[in-house]
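Just so it is clear, A, B, C, D, E and F label the chains in written order, and each chain counts residues from 1 on its own.
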Amino acid sequence: MSESTTHRPRRYVKELTAGEVIEDQVFLIGSKDLRTTSNGSLYIHCVLCDKTGQILGRIWQATEAMFEQMPEGGFLRFKGRAENYKGSLQFIVDAMRPVDVRSVELSEFMPQTKENIDEMFERVKEMLRRIKNRHLLLLVKQFINDKALMEGFRKSPAAIQMHHAYIGGLLEHTRNVLELTLSVIPRYPEVSLDLLLAGAFLHDIGKTAELRYETNFQYTSEGQLIGHLVQATLWIEEKAKAVEAETGEPFPQDIKHALQHLILSHHGQYEFGSPKLPATPEAIALHHLDNLDAKLDLYLTKIRDDPDHTSEWTEYVRNLGTKIFKKDVMGIRS
Amino acid sequence: MSESTTHRPRRYVKELTAGEVIEDQVFLIGSKDLRTTSNGSLYIHCVLCDKTGQILGRIWQATEAMFEQMPEGGFLRFKGRAENYKGSLQFIVDAMRPVDVRSVELSEFMPQTKENIDEMFERVKEMLRRIKNRHLLLLVKQFINDKALMEGFRKSPAAIQMHHAYIGGLLEHTRNVLELTLSVIPRYPEVSLDLLLAGAFLHDIGKTAELRYETNFQYTSEGQLIGHLVQATLWIEEKAKAVEAETGEPFPQDIKHALQHLILSHHGQYEFGSPKLPATPEAIALHHLDNLDAKLDLYLTKIRDDPDHTSEWTEYVRNLGTKIFKKDVMGIRS
Amino acid sequence: MSESTTHRPRRYVKELTAGEVIEDQVFLIGSKDLRTTSNGSLYIHCVLCDKTGQILGRIWQATEAMFEQMPEGGFLRFKGRAENYKGSLQFIVDAMRPVDVRSVELSEFMPQTKENIDEMFERVKEMLRRIKNRHLLLLVKQFINDKALMEGFRKSPAAIQMHHAYIGGLLEHTRNVLELTLSVIPRYPEVSLDLLLAGAFLHDIGKTAELRYETNFQYTSEGQLIGHLVQATLWIEEKAKAVEAETGEPFPQDIKHALQHLILSHHGQYEFGSPKLPATPEAIALHHLDNLDAKLDLYLTKIRDDPDHTSEWTEYVRNLGTKIFKKDVMGIRS
Amino acid sequence: MSESTTHRPRRYVKELTAGEVIEDQVFLIGSKDLRTTSNGSLYIHCVLCDKTGQILGRIWQATEAMFEQMPEGGFLRFKGRAENYKGSLQFIVDAMRPVDVRSVELSEFMPQTKENIDEMFERVKEMLRRIKNRHLLLLVKQFINDKALMEGFRKSPAAIQMHHAYIGGLLEHTRNVLELTLSVIPRYPEVSLDLLLAGAFLHDIGKTAELRYETNFQYTSEGQLIGHLVQATLWIEEKAKAVEAETGEPFPQDIKHALQHLILSHHGQYEFGSPKLPATPEAIALHHLDNLDAKLDLYLTKIRDDPDHTSEWTEYVRNLGTKIFKKDVMGIRS
Amino acid sequence: MSESTTHRPRRYVKELTAGEVIEDQVFLIGSKDLRTTSNGSLYIHCVLCDKTGQILGRIWQATEAMFEQMPEGGFLRFKGRAENYKGSLQFIVDAMRPVDVRSVELSEFMPQTKENIDEMFERVKEMLRRIKNRHLLLLVKQFINDKALMEGFRKSPAAIQMHHAYIGGLLEHTRNVLELTLSVIPRYPEVSLDLLLAGAFLHDIGKTAELRYETNFQYTSEGQLIGHLVQATLWIEEKAKAVEAETGEPFPQDIKHALQHLILSHHGQYEFGSPKLPATPEAIALHHLDNLDAKLDLYLTKIRDDPDHTSEWTEYVRNLGTKIFKKDVMGIRS
Amino acid sequence: MSESTTHRPRRYVKELTAGEVIEDQVFLIGSKDLRTTSNGSLYIHCVLCDKTGQILGRIWQATEAMFEQMPEGGFLRFKGRAENYKGSLQFIVDAMRPVDVRSVELSEFMPQTKENIDEMFERVKEMLRRIKNRHLLLLVKQFINDKALMEGFRKSPAAIQMHHAYIGGLLEHTRNVLELTLSVIPRYPEVSLDLLLAGAFLHDIGKTAELRYETNFQYTSEGQLIGHLVQATLWIEEKAKAVEAETGEPFPQDIKHALQHLILSHHGQYEFGSPKLPATPEAIALHHLDNLDAKLDLYLTKIRDDPDHTSEWTEYVRNLGTKIFKKDVMGIRS
């Protein structure tokens, strides 16, 4: 494992095959455990990760010092080989060395949207420019001009595991719901396109405060204490005041409340954490447009990622109350 | 009340004002009741209807014979005047006479879609022609070519009271769900447009057997015993056999089952009468597209028809678990 | 009905007896309806109210003009007599005249706490002074010093019909929960008394925005769109910023979130509109202390006010899922 | 392990004792896994099954080739010995060889009813002959004469794990419900015995399409997409048409719908997949008679098969919401 | 209305026709109300009952004295005539006189089983003699020998309105469940017939304390406070002690608890007031046998008594979650 | 491991550190299992317990005889050493010997209240002396004078795992609820303090029959068949009869039923096993006071005992539907 190797393209976890040897490559250490074999010697059982998945690692003839040296949730350079174990691969570590975190390409270690973040963000802004109501437009601009918030908005996943659970997932899902809104709502002239565009943009923005996604995805304490629905409601309050300061006029209270209601009610049922049920046409529309995109992503991802190729069905998905039928009966997913 | 009056334009129930006199006009008799006043004389309390609504009718100095002469659910010609009573109008009947049912313009007595039935039906057929899968296309044609069924499909309401509850409502709602499908589904290339077009077309077609809508809207016994979800499933079975007879080839069982599953699961929850929960991307998509149109129609209709103009909210709507906020905060429904 | 009568003590609705004559007294007009008798003459059916209850009023030989003159939700001076009708009293109006609203003693027309509002408010402030944490104490003071808010806090009912449904009810209920907190929480040294005192004070304060109680009790549109839990959360955000401005220090975010969580979760179940379930010892404690006082008031009020003295049980109370047993088996409520 | 051993009676899994040696016997391979020991050598971990149960198998000193040779869900001949491991038996494999599947006695590998299938089927037909209504009787005969369907009906289990989960279980359960019907329904002359006999016969017949039971029990995709309730409803539709072809008369639609309703509603609750709730006396009766037999079988089987003899209770049974009390307090199950 | 009329056969409420005159007949007064007509004169509105139903009564030109004289829940002799009013009959009272309650044939005023109470009770005792376990048999005898309890057991209705809601209904329902037990349980030799016979006998016996049925059917306060399930459990405790006193031996605790469990769990679900779910085969069997008889009685009674002959369906029955289909499709209920 | 070692203070499980050697100490054997290593030799895997927790034990080179000698749920003396294994400690046994159970200090092996049992019991009796109603006071004395029952009451845990799950826990929880009652109820003069004191004392007393707590905590069969709510109700019935025998007067039935209702309804919801919902002010008060203490104990215990110090949240607690936030934001739990 020479320090000065020229950069080889990464062998991602999903690409590894039994027998393959890795000379020198960085992994994120998901977890570690020091264990004793039945004949009394120590070994380390660990989980090595990159953005494509994770592999079980084993370090035979280990010492306590080696164990201490491994940073959980951090990075090391590894040498070793992939082997079959219980029908899955495992990685037998031959050596490991520290790595300078600044040299680590973080994007290799976290799942990420397949689309271009800048382009998606531009498209979001383009769609929001369709808002005609001056107050709403200024309110939306307050969000767009909040650099720190937009930084999070561009990177955050949309959820920890249900749908769009990857870097940029929140942006991708928001973009999709905006597109659906533009495709569909003009058919219903009594439903306010302005309100729905603003609502679609902001419906999950509270997740930037609810989810932490630096090295792995987790809920924040703040997120769990007040939730992303209320968080977004607080921000709308704050930004509406900023609009008032900007214009010197009162922000129309009805419009603000209708927008906050849209956010608070979009989960559609009390059990899913909405303190209010949808009470306006815009609110019920947002609920279904959000679900259409989120649920389709969930179903399609479960089908794509299912590891068991011998069954036509996925495992039971508790949130759906059913398994998902994977068979491509129309021959379109080949 | 002369027999040979030239035809005057109808004064609809919603147009009547206090004090107005009606010389001779046909009403549908919704219900009738023979009552006694506190001084012992008889009067008839009845409900008179046309497609715009209903008005309480009273016939003072009535006789049993007059009461017998009135056909419940049928038509008579009335003379009388509208009066205020308990803040609502009532119609004081001065005279009534039989009418030849063949001369009655039925369209004046039942609520009806505001759109053109022929045009909507053409549009439905046009959209269905996009189906590329030969088997599905032939299956859909079997339905389109079933004259009796299409007769019902063009006229049936989509529901008794929840949404699109008028003549042509099923067609209008089906057309809408097809339009939504075409607007939205091509964004998701892993979701079968063919299957969704067929499913959108057939999802509520069982209602033509479930609802009776000759003179007023009612559930049929058949509808209540097996339901429109199972009814449509039976028809798909039958039409698939007809396709087999037509082509001499077996109908692909997987496709048939996937389509039947779409219909059976589209209510989305067991409590709403779906014996299966959505287990395919197409099924979950149809559930949300159907709901988007049906719920928007429900919300907008409740807002439009709410009789109480002093409140910003409708009455509590049991199915929604909430009242609906009527105020047009964005100024778009004026 | 002479204009210059010296002021007689009011005969409250609950005091009226059959046959009693009222020469000149103001009533709140709850509702009105113009009706026709079976012989065709007009009469007005109305509901006359004061803080002790309501009585059916009838005005025979009425005219449309008389009807127009009556302000629904407003006040008039009435002359008439109480009579038995269907086992209840009704008030036969002989004459009615306008009244100058400024001369009306509003406290005679709305149910009101039996305790002294000033004393209760002093007691609340006294209890809040026990808060030791400087930030929380300043936050609470921001609320206490908000004159408009405190004006509402002192007058608002705690609910429209479930418990403490009278002027001053919110203050009385809040005072009670604070007293329970002080009696009980010091037994549990691991539970923060500071946090609970602040939480008990603020748990229902959003109701000042949710309920309108000028002439009768109603939900506001704002209240129904975002709810009193989220409203209080918004105010805590705003007041915490004011504390930061006052002190020049950041308000501890953990404490703010813990307090907001207390408010958001105090209904204890999603179905009751809490978007978060109690996740801290303080939150679960507030939930039970709030319920202890609110439910006891509900049970005791239902028992006191039950009009049917022939049964040992009240009517079925939907929210409780049971009737209430009224019998005073221990002989303490005589 | 000589090829030409005379046939020895099988040692069933439940009969094996620690230390026992098996010279040559066929097992169904339930699952297999290739694993590495801590010193790096390979072994195979597998599950060996016959109709009495399953035993963990281990093959030390294994090779990849040996692993490949083992057909999951298929059969091999094994030599080895039973040993204690973690308080349970495991089977240490010394050798294994292919077996000609045609020579395998399938009945030794799947749990099977303890009763005689022919006799039960005769009894079912005998009971169905009591049906007096000509149309219903012809309909039932259409089913009885459908050889392929009856082949499945005689062999299918009634469920995968809840009750009568063995070959012939559907027939046994159906026979039982028919017997209960005959014992009980004549006490209620207003309940149609004809309808209930037909309904009892057909209530679970859709399971022949829903369950696959060749080598092990599984749901079919078709079964999971449309379910056995709707499947039976489709078959009734088809057979009723066959009766019409046979008789040249229309099949009474009311009777057909009442029978289909019986099938669709017999689970009794929406959550259990019934799209309709029982709306006829026959439907509610079938629901309880079906449950009486199915639940008794479930309780008695759980008691009989419970492996833990130190407790008076079984494990918690999720579907029942309770543990089952096993103690034979009346001394009848010895 | 002469005092000494010879006894004429009663004209029951259900037999009355419009125009019919009643010279002198006793009615139970269900309720009474003193009202004023629109011209100011008094009249009495009352409900007159016998066991076949109730009819609205009116007494024109009434006085307060007349009103006072009428005993609510008691009896008077009436003269008057039946007339049509709002499509129903009402009874115009011409005169009324006191009646000696001892001369009233109570059986004419309360609905009553159509079977013979003595015969049913003998049959119950005969079936209980089949119990072989000595302790259980003695326990059952303690109940049978409790004269006061058996007096109530023979007369009590089984419920206030759901099923067997008439004098002798509890006995009839208990007899039925015992018959079902004897028909069905011997098919399941692992289920204790002894335990089920005792359980079937006692399952609803607590209703004798829960329901009051002297002049009309009501829940007792005791019944509503502890319920008939717990009441029966208390009695089993008491009677088991009496058996111990009788035999000088301890009553087997297991058997007592199993029997108490049977009673406590027989409603089958927590929501129906069972504090325990069925945990023994006997308990689940009793639950379904009880329901089979109770629900069939409910369905058949609703069908028989439905007043609307124009619809094939009853009204929606909340407890069932559905309407009931009344049509006699098999032609057996004519 | 010499027999005659002087008594050393126990090294509790929670105090053990890696590498520590234990010469001779008694452990409770929680479970045991005989296993084979991959090289075929036997070892014993067992769980060793004391009141502070449990540790995995391993005995290498074991024999079947050694395995037989270990009493599951019983005691042995052990020699060995603690070692790290998979990040946790395990205990490698070098030798083990029988121990005379009479010499075992049981209090070292079961978790126990930290308070003084005698003092708590005295306090309970002192509080109960406040009861003024003579009948209730005598009833309570019957319980206090029942030595066997009080023995159980002083020692029983309040629950198996939810709250106060230790020896003396029932007494501690009961004492707490009584204290809360005395602090709170005098504020509500219409609520009977007498009834609530008796109810608070008896609300969980049935748990002495429901839980077994000799060597470990388990539900009894009796407890699972009838439950502690009904058990306490039976005892009140029995003790009330004893009071009648003592006084020669009838015990007031209303008071007895109100007390029994208090016990039966105190879980507050059907799903939690209450056959009746709280129908009196006392019942609803007991429900909330009981929950206040029980839930606070649950939250605080979960926070104290949470093994994961890297997260601010506990694991998800199914009964609460949420995780618990552990962070001590107010700095009071240090």
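Throughout what follows, a residue touches a chain if its C-beta (ideal position, glycine included) is under 8 Å from a C-beta of that chain, and two chains touch if they have at least 3 such contacts.
What you are looking at is a predicted structure, and each value in this text was computed from that prediction instead of being measured.
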Touching chain sets, computed without chain D: one piece
Those chains which touch chain E and also touch chain A: B, C, D, F
Interface numbering overlap (same over half, different under half) for chain C and chain E: different
Chain B and chain C, separation of their C-alpha mean positions in angstrom: 43
Distance between the centres, which are taken as Cα means, of chain D and chain C, whole angstrom: 62
Multi-chain contact sites of chain C, meaning residues that touch two or more partners: 38, 221, 224-225, 254, 258, 261, 276, 279, 313, 323, 325, 327
Topology of the chain contact graph, where touching chains are joined (line, ring, star, complete, other): other
Every chain pair in contact, whichever chains are involved: A-B, A-C, A-D, A-F, B-C, B-D, B-E, C-E, C-F, D-E, D-F, E-F
For the chain F and chain A complex, residues of the former touching the latter: 37-39, 43, 83-87, 312-313, 323, 325, 327
Of chain E, residues touching chain F in the complex: 221-222, 224-227, 229-230, 233-234, 237-238, 253-254, 257-258, 260-261, 264, 270-271, 273-276, 279
Residue ranges of chain D in contact with chain E within the complex: 133, 176, 179-180, 183-184, 187-192, 194-195, 252, 254-255, 258, 261, 276-281, 284-285, 288-289, 291-292, 295-296, 299-300, 303, 313, 320-325, 327, 329-330, 332-333
Of chain E, residues touching chain C in the complex: 33-36, 38, 45, 221, 224-225
